[in-house]
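Lettered A, B, C and D in written order, each chain numbered from 1.
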Amino acid sequence: MKKFRLPRLLIVSAVLFVVIQILHSREIMNGYILHIINQSLIYVILAVSLNLINGITGQFSLGHMGFAAVGAYVSGTLTSLVFKINPSSPNAMPLFILAIVAGGLAAAVIGILIGFPSLRLKGDYLAIVTLGFGEIIRTVFNNIDYVGGPRGLLGIPKFSNFPIIFAAAFITLVVVRNLIQSSHGRAMLSIRENELAAELVGIDTTHYKVMAFSIGAFFAGIAGGLLAHLLTLAHPTQYGFIKSVEILIMIYAGGVGSITGSTIAAFALTFLSEGLRIGIRAIADTTGLPIGGEWRMVVYALLLIFIMLFRTEGLMGNKESRIITIEEAD
Amino acid sequence: MLEVKNLKVSYGKIEAIKDVSFEVPDGKIVTLIGANGAGKTTTLRAISGLEKSAGGSVFFDGKDVTNLEAHKLVPLGISHVPEGRKIFPTLTVRENLELAGWTLRNKKLIKERMEEVFEIFPRVKERADQLGGTLSGGEQQMLAVGRALVTGGKLLLLDEPSMGLAPVLVDEIFTQIVAINKRGTTILLVEQNAAEALDIADFAYVLEVGYSTLHGPAKDIANDPRVREAYLGV
Amino acid sequence: MRKVAFVLALAILATSLVAAQEIRVGGVGPVTGEAATFGISTKNGIMLAAEEWNARGGLFNNRRVRIIFEDDKGDPAEGATVYTKLIQQDNVVAIIGTVMSKVTLAGAPIAQANGIPMISPTSTNERVTLVGDYIYRACFIDPFQGTVGANFAFNELKARNAATLFDIGNDYTKGLAENFRAQFLKLGGKVVAFEGHPAGATDFKAQLTKILANKPDVLYVPNYYNDVGLIAKQARELGFNGPMVGGDGWDSPDLVKIGGKAVENGFFTNHYAAADPRPIVQEFVKKYKAKFGAEPDALATLAYDAAYIMFDAIRRAGSTRGSAIRDALKTTNLDVVSGKVTFDSNRNPIKSAVIIEMKNGQQVYRSTVNP
Amino acid sequence: MGSIFSIQQVINGLQVGSIYALIALGYTMVYGIVRLINFAHGDFFMLGAYAAYGTFFVFNALIVSKSGVTAFFVLLASMAAGGIIALLTNQLAYRPLRYKPKLSSLITAIGVSMFLEYFLSALPMVGPSYRPFPDVIPRVNIKIGTATISNIVIIDILVAAVLMVGLTLLVKKTALGKAMRAVSQDKDAARLMGIDIEKGIAFTFLIGGAFAGAAGLLAGMTYPRIFPYMGIQPGLKAFIAAVLGGIGNIPGAVLGAYIMGLAETFASAYNSLIGEGIAFAILIVVLLVRPTGLLGEKTADKI
């Protein structure tokens, strides 16, 4: 029997949540920082869910933002066009959560569809096919005038806020953590390590690959929905392959297969990208060099190359922090 | 000819070989025997430069060749027939052999050596214009040894030449190994088929979990009770 | 010791006074990414305007304007971040930006919620200013230019069979094309082909071949100049000699450089004519050339105008309070490069359009159209 | 229907395909030897275009009679720029990670690609703006019945054909080519043959980059407008073409490129909305039916 203990992840998350709430309400932390935190948390969901597909199960997917697009458009359509939710009405929140989950489920269905090619294709071939699927999803939304076409889906109510995004990120972490530390997770890992061997010891690789894709897609869909309700719009260009690549960068910078790494990298890279705004301006102001915001991404790209050259395994390697791992009861 | 001292190789944090030392005298056949995972293949790969060693040294013909890159060792005279043969599958048999003469830069010499290979392995000649990938396991092994002969090393490293072959072919391969040795090539043989290996070898070393333990003349090793029990199944 | 402390305190007081006098205004545009060239033009326009106002002694009470310009990469998510940063971190009193409607639409709700007035130089989507009473724009909305283009093609060019080619990934070009079609049909013309091309395309021949098989006598191409140059070349190569009509996206010195002779017999709706003798126009073109080594395009002009409109409102408000600036914006009545500007009840500018003809590699003024 | 499958549309498709083919050739070579999706390949293409642009103006200023001499040096510059940057990228960003997990070099590839694009875009003398590409060779339109073809298109198609044949000969017939194939098939075995695989890889990057550079010049001449992000889309399309034809297979890359060019053209002519997605749709269908691409060699997984 395992003794009941308050898990570390819950404690740490709760403390962080309360601290951030207090800092913000006391106006020690301004809305800008909170906004970056919100964005980082959405990236955490995207990165951790991609890591399940890419890092844990070893299925190289380049179309992750396609799932987010499905989640964004489905939930956004529900809240803005179907339910036409008025944010002040009493049942707004439950309807919103319903819409977000519906978006996640729709993305999961697409995930299952995209998971099937992974049964036949491997490595780079799978990557290019998932990229293709992602681009097709984007093209489809771009051509449906009901959801705005190239104008984007507009007028989505602003429902996403820090507590909701935080809760979603927490749930994602817990679910993915529990999954990968279960026997299912070990089956997925064995597919990454050696698919043939996994099959030989009787692991149903088909089942686990499709499972990874559908669960990964579900959470990506949730993230897409949250983002759409944070920005109050969804636009096809937000979900192109360059964005998928950004998520990919996060999981590799964090360490493949480590959800701790994905979480840290999602925060680190988001804050880095924002910090460079201030950094570049400070350099320009102190040195008098005529450099502006256009140099921000140059520095970002260089840092990325250096991280990979000098910390090839990513920030965390394939290790997990003790906060993430489930404690074995003594 | 070859002297390996306290060799150590790690893959990340895993130490594949921890402390291996042995010598291969000129003109002899030396065999390394040991269980799966004892570090035999890694030892050969470290000698021929396919792996970087984490410690120890390798001397070849009195020269320190530790951690020299593989392609620089070939012209010095080390030929390695790797585990699994590693034939180029979409090059023809002839092209496979021609490539083995890459460092020679002498078309005539390459041709001569190829003829020699065809003499030793007539089967290879029959298949000369087939793609490497279409050969049977035994033929691939012959081609692999043939490639090593074209590179023309003084020392031939053979990694599990009998693996996956029918007993008739195993005998043929071992007969040819002895013949090659008779023509003046020193041989370092890694085998799981310890009985056959000890039969043709002059000296033998036993590898256990990354350490070289026993060593001596092959006949003595073959008669060592511990070896008989562990590796010869007697 | 006490003396040093006193001087120090005085210095701090002085600097804080100077800092208080400075008025911070945010600028937003995509200066990296595929739309970077438009963002740079926008930035240049805003910076030039700010420099001129500062040279004249600031916005009011000798308070100079300081532009904090941020990159939105043409991405709505970055746009939202940048608007939040400018408002929350930099405490700007107003925002000029941004270029693309999709990004402006992510930023506008944030400005509205925080009571920070903003003006977009170039976001043409009708919904932008409908976000709220703090949101203004300096450009035409999609229906206006499309309608003017259709009227011109039908009445002046006497075209009866029109065809359009637009960027299906870009709401500006799609909006113009749709409104052109609607008006052209209303006038009794026929739209024989209505074709799109993917964003970022360089080869338009598949669509052009199809379009030209329908024998249009005018081709409506409401794209940006970089695409128009290529489209014109390819259309001429395929044997189309008829007139081409477009919108203000054509307005760039690079149009002729890319399209060469192919853009002859081309017409576009614009905010002003560079040859307009009004001093404000001539001054602007001259100063812009001197500072940035290039002629201004439509984006630079509109950004310059948007900045002037915002600075003028702050000056008239005589205050940095958002609601005061907003109220001043409402009563704008100002001569800027693109003409005399007032705002309608939806905070869209009421200003006239001009038709420009491309002749011998030059922009030639042809007519003025009042809304 | 006439306008969808007309001769003119075939010409249009061939033109699009030949630009894809030029980039795909280098892509497939590099991929074949290092098995790395080289995201920066499209940027070597872009750099080739910029080098050609700069050289043209320098030579036009120096030499009074332009034409042949200028065209030659412009071509040289574009190939040198593409080749040298590709080589540098390999040595600095890919080589240190050669024996690390392959995906870490994928991320550096993305980093290099971002760096090249943003750097050029931020550089004051280059900047993000669209630059009109000069007519290095005067453009002449030739009428064939009802269809029109420009001399530039003919040059594109010819160059793609010549490069394809030349590369095939290099790889199939020369010792160097055989060594390159050996390296792509089995690096360890190649090293044991005495082949310096790093030299082989470097050489492949040089050639592949030079091809991309030349493609940049031709693309500039064909679509006379260049900008720092011009390599992203063609790079992606060329990669798809290379995968479609069977990655590492030289005629396959060209076949894939022309299939894509024609498919995109016909699809756009049929309905402009599906033109954008058609490349991906074809790719997915082909790979599901033939996972190694159209001409890809079947190398069965062995235990």
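Operating definition for what follows: a contact is a pair of C-beta atoms (placed from the backbone, for glycine too) under 8 Å apart; a residue touches a chain by one contact, two chains touch by 3 or more.
All values reported here derive from a predicted model rather than from experimental measurement.
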Other chains in touch with both subunit A and subunit D: C
Pair exhibiting more inter-chain C-beta contacts, B-D or C-D: C-D
Of all other chains, the one whose Cα centre sits farthest from subunit D: B
Geometric centre distance via CA averages, subunit D-subunit B, whole Å: 42
Where subunit A and subunit B are represented by their mean Cα positions, the distance between them in whole Å: 50
Centroid spacing, where centroids are CA-atom means, of subunit A and subunit C in whole angstrom: 35
Residues within subunit B bordering two or more other chains: none
Contacts with two or more other chains, residues of subunit D listed in rising order: 118, 121-122, 128, 232, 273, 276
Numbers and ranges of subunit A residues touching at least 2 other chains: 142-143, 294, 297
Chains touching one another, given as label pairs in label order: A-C, A-D, B-D, C-D
Of subunit D, residues touching subunit C in the complex: 2-4, 6, 8-9, 12-13, 15-16, 118, 121-122, 127-132, 141, 148, 150, 219, 223-225, 227-230, 232-233, 264-266, 268-269, 272-273, 275-276
Interface residues, subunit A side, partner subunit D - complex: 60, 117, 120-121, 124-125, 127-129, 131-133, 135-136, 139-140, 142-143, 196, 241-242, 245, 248-249, 252-253, 256, 290-291, 294-295, 297-298, 300-302, 304-305, 308-309, 312-313
Subunit A contact footprint on subunit C (complex, rising order): 31-32, 36, 40, 43, 69-71, 73-77, 80-81, 84-85, 87-89, 101-102, 105-106, 109, 125, 127, 167-171, 174-175, 199
Contact footprint of subunit C on subunit A as seen in their complex: 30-32, 35-36, 39, 142-143, 149-152, 154-155, 158, 227, 230-233, 235-238, 274, 277, 292-294, 296-297
Residues of subunit D that touch subunit B when the two form their complex: 175, 178-179, 181-182, 185-186, 188-197, 297, 299
